[in-house]
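In what comes next, chain A is part of two complexes: it sits with chain B in the first one and with chain C in the second one.
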Partner chain A sequence: MRAYELIKETFCRKIYILIIHLSWLSLYGGFWWLFLPMGNEFGQFIFIWGGFFLALALSAGIFGDDISSGRICVLVTKPFWPGELYIYRLLGLSLQAAVHFILAWCVIFILHTFIRQGSMNGLVLWLFASWLLFNTCAALSTSLSVVVGRAYNALLLLIVIITGFVVVGTMMAYLKQHSETEALLVSYFRFVCPPFEMLYKFAGGEYGKYSLTVGRFSLAKSVACVVHSLILTVVYSIVGIVLLSRRQFSSRRD
Partner chain B sequence: MRNKINLWTITTIAALVLEGWALYVVSLSPAHWRSSMIVKDEPAAHALYDKMIETMRQAESLSYQSVCSGPDDRDRASTYNILLKKPNYFHVEMSNVLSGYSTIVGDGDNLWFYWKGVRPFSAYEDKDSYEKTRANVYIKKATPIGRYSIRDQVNLLGTTWFGIILDPSIFHGHTDSLETYIDGIRSRGTDYAENEECEVIEVSFMKAQLTRYFWISKQDHLLWKIKEIVRLANNKVEVEEFSDISLNAVISQQKFSWSPPEGWQQWEKPGPDDFLLKPGTKAPDFELLSADGGKIKLSDYRGKIIWLYIWQCGSPSCREAMPHLQKLSEKYKDRGLVILGFNCADDKRIAKNFMRENSVTFPNILDSSHTAGKVIFDGYKNRSGTVPLSYIIDTRGNVVDAWSGYEEDNKRALAALKQAGIQPE
Partner chain C sequence: MRKMIDNDNKQTAVIECKQLTKVYKGLLTGRSKAVCALKNISLSVSKGQIIGLIGPNGAGKSTFLNLMAGLIFPTEGCLTVCGSPARSVEARCGLGYMPEHPSFLGRYSARAVLRYHGALLGLSRKTISLQADKSIEQLQMEEFIDRPCSDFSQGMKQRLALAIALMNDPQVLLLDEPSNGLDPVGIIRLRDVLKKLRDSGTAIVISSHRLGELEKLTSDYIFLYRGEVVSLGDRIVTGQAGRLRVELVSNGNDIAEKLLSPSKILGVSDTELEIAVNDPEEVPDIVSNLAKGGARITGVLLQRENIEDIFLRLYNERN
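Right after this comes the complex of A and B.
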């Protein structure tokens, strides 16, 4: 019952969450309607909007709002383990995203049936990759929300990731002649940061080029991608749980 | 409490092992997967492949439409409408966004290549000569039965993103140049292509440097789809899909004749050698990554005669030439010759394996960076990307001779080396 209430709260805590879901779904529909993309192009669109931006929008202030208002002191009283609060809230976000992506598929399916153009090939794989990316980004943003006040966690993560892409891109251009340093940096960003590149390749069938080429993708490499993405989500969550358990909260409003 | 700790320890260790495995699998290079792609020959699958070739060769006429594209890149696809008739007739209409519409007609003795409207500009010709020959031109070439390749003619023009994979000339008895490099053929079960039930076979060439998958109809052994994977520094995947296939149908003879309208002129497509640096020109200096992980600077070899040899594992000629080059390198190294290999196309591991297999000891640049590509394309003017390509550079760093291709007797190379100051035996 407590779990259900906490999960439900992630959806009901702000009215704008429902608006975000509806506007994101209409955005997918509008993009499909106007540009009639092929499976992969639409997949890339949904991957960024659903996997990354949706995670930021839904997790904005997920703990920061409660910490700033002092409500957190009511929530983390014994026998309530703070980790439980974190897990159920993240689970709430993840479930919302799962339903969101199923609805997204339905929207596209209806449009596809209605206008009889475009292609839905590979869309399910893109939606699955988007959900995995959503989980990773949501875990990172939720953990950040424990230490960053109000809803600034999402904004901070957005700025860090965009800056990161620009800086890494520039560094790579300079490091072309130093392949070993470049390889080290690439490995660091590939394996420690949210797995944008890895899941993008996984969903696009990139790994299929190297092994089971008759099928859509290589099983071993794809499973490895999913495993890495889930483990990264767990690692980000553990950091958040540790931070939440160790912080002293004040019941006074900021 | 102890049980709880044990559970956490086991879970953590399991997660670490799982993550270790995931990182290992994800970071494996394409070269690792390549070694597992070398196919062992299965007689039944090989027989199916032979049957497919035989079906094409036995037919009196064959027509089909082929669409060549990347796996998810239909926008840049090229469409080919192909008509073939015995003994030596063909008609190929080609269209794509890049080059518009072009036609090749084989009238039994010659092929005629012409364009509807303006012919496309290819990267390896100069603007002035293009302006003079952009419209009302045609190419004419002799087509001795079974000794020419329609695919090579189409692809050599270099004005498509995706060229033909299946050579239509097989119908006329031509043998694919890659045939001798087949590692093996195996079955990959059944699948549907355009609602046609097909047997899928996998053919690997040159130790899986290249793999092709053929979807062969169970009903009449005709081909419905090919997927090709070329494993270079960046893997290239291309798909050719067939439709409207018609075997032994009557095709009007009119389709196989064409004569140039009045005022049209014959055009000779510039060859790859036409753009190479001329003798006497200073060879551009460069500093790039070598096979042993260090760096090679061309000017460090000043005072030696250099044979700069640009190669690629996937080229049959390069594969043939490598052992001969190694022998020449050993023979002439005491007389001041340095053979310097240059590979900017292949994955480093693939290229290193290839060098090891051929016991290559002469220095080699293995660098697939953009800079290395620019050195070859802009510096050494290999605009067509032809391999093998040779430059003989004298002791002062000037070009003595440059040419593309490989000659077994190395006649041209030995003459250039003599000119540069090395006396061949």
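Right after this comes the complex of A and C.
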């Protein structure tokens, strides 16, 4: 009952959540209809919109709204471990995303059936990679929401990630002559930050060039990518759970 | 005044705090320096008691309530609720908390909110349904039970928040300004519900500025002033102290000077004396002494000090 209500709440808490899902699905359909993309192009589009922007939109204020309104004060006086609140809410987001990506596949399948152009090759893998990226970004955003009021968690994460990409891109260009430092930085960003590059290459099949392959994909590296992104999701979640358990709350509203 | 930590009550104490101190540190809170919100508070609350938590703004009432609810950590000292440390799952099992400004998911109806909180409490569907029906009847929620919370008035929110706090039949009920926004009928209903809970053994702590309302519920108060319980270790009990007005034919000033100690005299004129009384049992002796001393008394009226008088007296003494 508790799990069900907390999972349901992630979908029912705001009317805009349904609007976001519908808008995103329309966006996928519109992109397909207008550009008739081939497999990877559409996959990349869905990877960014579904894996990253959707995670930010759905997790905006997931705890921050409760903290700002003072609602959290009643929730944390209930007799259960606060980690449950976090876990079931993140699970709620993850389930929403899973259903969202299944619906996205259905939309594209219907359009593909009618238009009979474009390619759906590799789409399932892109959707799976998008779901993994979604989970990681949602965990990061949810953890941030425990300490940042209202819906600023999503905005803050968006700014930090965009700034991060610009700064890292500039640094990499500068560090071309210092290959050791570049390698160190690349591995740091790859293993600690949200796995954009890793999952992008995983879905695109680029890792298949380097080791044993299943079709065009590297089985070992693909499994490693999936496991690594799941570990990151867990690590970001643990940080959020610890913050939620240690945080003090005020019944005063913003 | 009555001794606060009553040994007889220790057996049934559901809230106990010892040397409780709370300091808000300046870091990350926007404050320029640390603020001591509560200082060395030691007290206990027993089953079946209603305690009024009173004091001026900034006295530490909300901090104390938040500590009992487990929303914040004490800096020093210990606090147990229902025999377990505050904020532990065991303590929260027997706790009901109603915040000053309740807030709900706007899209949920009152019934859905009750179902949601019942599920968080781990209650079965059947129990949730029974508790919801009980609350609907007790708190007059029939008219808005299926309306979305975004349409609610302050009074409706208060009633729903109280219903949520009562869902697990708590041993300890913490209420922050519970009568905010309630209409007179709602206030009477609230009073009846709280009295029934008290009779069934629930300890209730109410933080409120509505002293008149509190007085109808309880005669036990904790007066907080700048983070300290005034007269540490003692509880204020109304209905004891008061002022005695004695009407005389004449010579009020001479009689007061001759027969009364200056500390007892609250007011004096030629035809009227106002005398401080600590206990109503003192009245016959005072009147008898005045008569023996030659006062020609035409009327006597004992005005007992209510909580508002006590509040003002304590407040003025400290300013």
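Criterion: the second predicted complex is superposed on the first by the 250 of 254 C-alpha atoms of A that agree within 3 Å, B and C clash if a C-alpha of one lies under 4 Å from a C-alpha of the other, contacts with A are read in each partner's own complex, and residues count from 1 in each chain.
In the analysis below, a contact is a pair of C-beta atoms (placed from the backbone, for glycine too) under 8 Å apart; a residue touches a chain by one contact, two chains touch by 3 or more.
Nothing here was measured: the structure is a model prediction, and the numbers come from that model.
After superposition onto chain A, partners chain B and chain C are found to sit side by side with no clash. In the superposed model, the vertex angle chain B-chain A-chain C (Cα centres) comes to 160 degrees (nearest 10). By the touch criterion defined above, A:231 lies against chain B but remains apart from chain C after alignment on the C-alpha atoms of chain A.
In the overlay built on the shared chain, the residue A:2 is in contact with chain C alone; chain B does not reach it. In the superposition on chain A, A:12 contacts chain C only, with no contact to chain B. Between chain B and chain C the least C-alpha distance in the superposed model amounts to 16 Å. Across the interface of their complex, chain A is touched by residues 15, 18-19, 21-28, 30, 33-34, 36-37, 71-72, 74, 188-189, 191, 200, 202, 211, 213, 227, 229, 235, 237, 289, 369-371 of chain B. Remark: chain A residues 1-2, 4-6, 9, 12-15, 69-71, 73-81, 248-253 touch chain C in the complex.
Against chain B, the residues of chain A that register as touching in their complex are 38-40, 122, 176-177, 179, 187, 190-191, 198, 204-205, 209-211, 213-214, 218, 220-221, 223-225, 227-228, 231, 234. On chain C, the positions that touch chain A within their shared complex are 62, 65-66, 69-73, 89-90, 92-93, 95, 97, 99-105, 107-108, 115-125, 161, 164, 168, 176.
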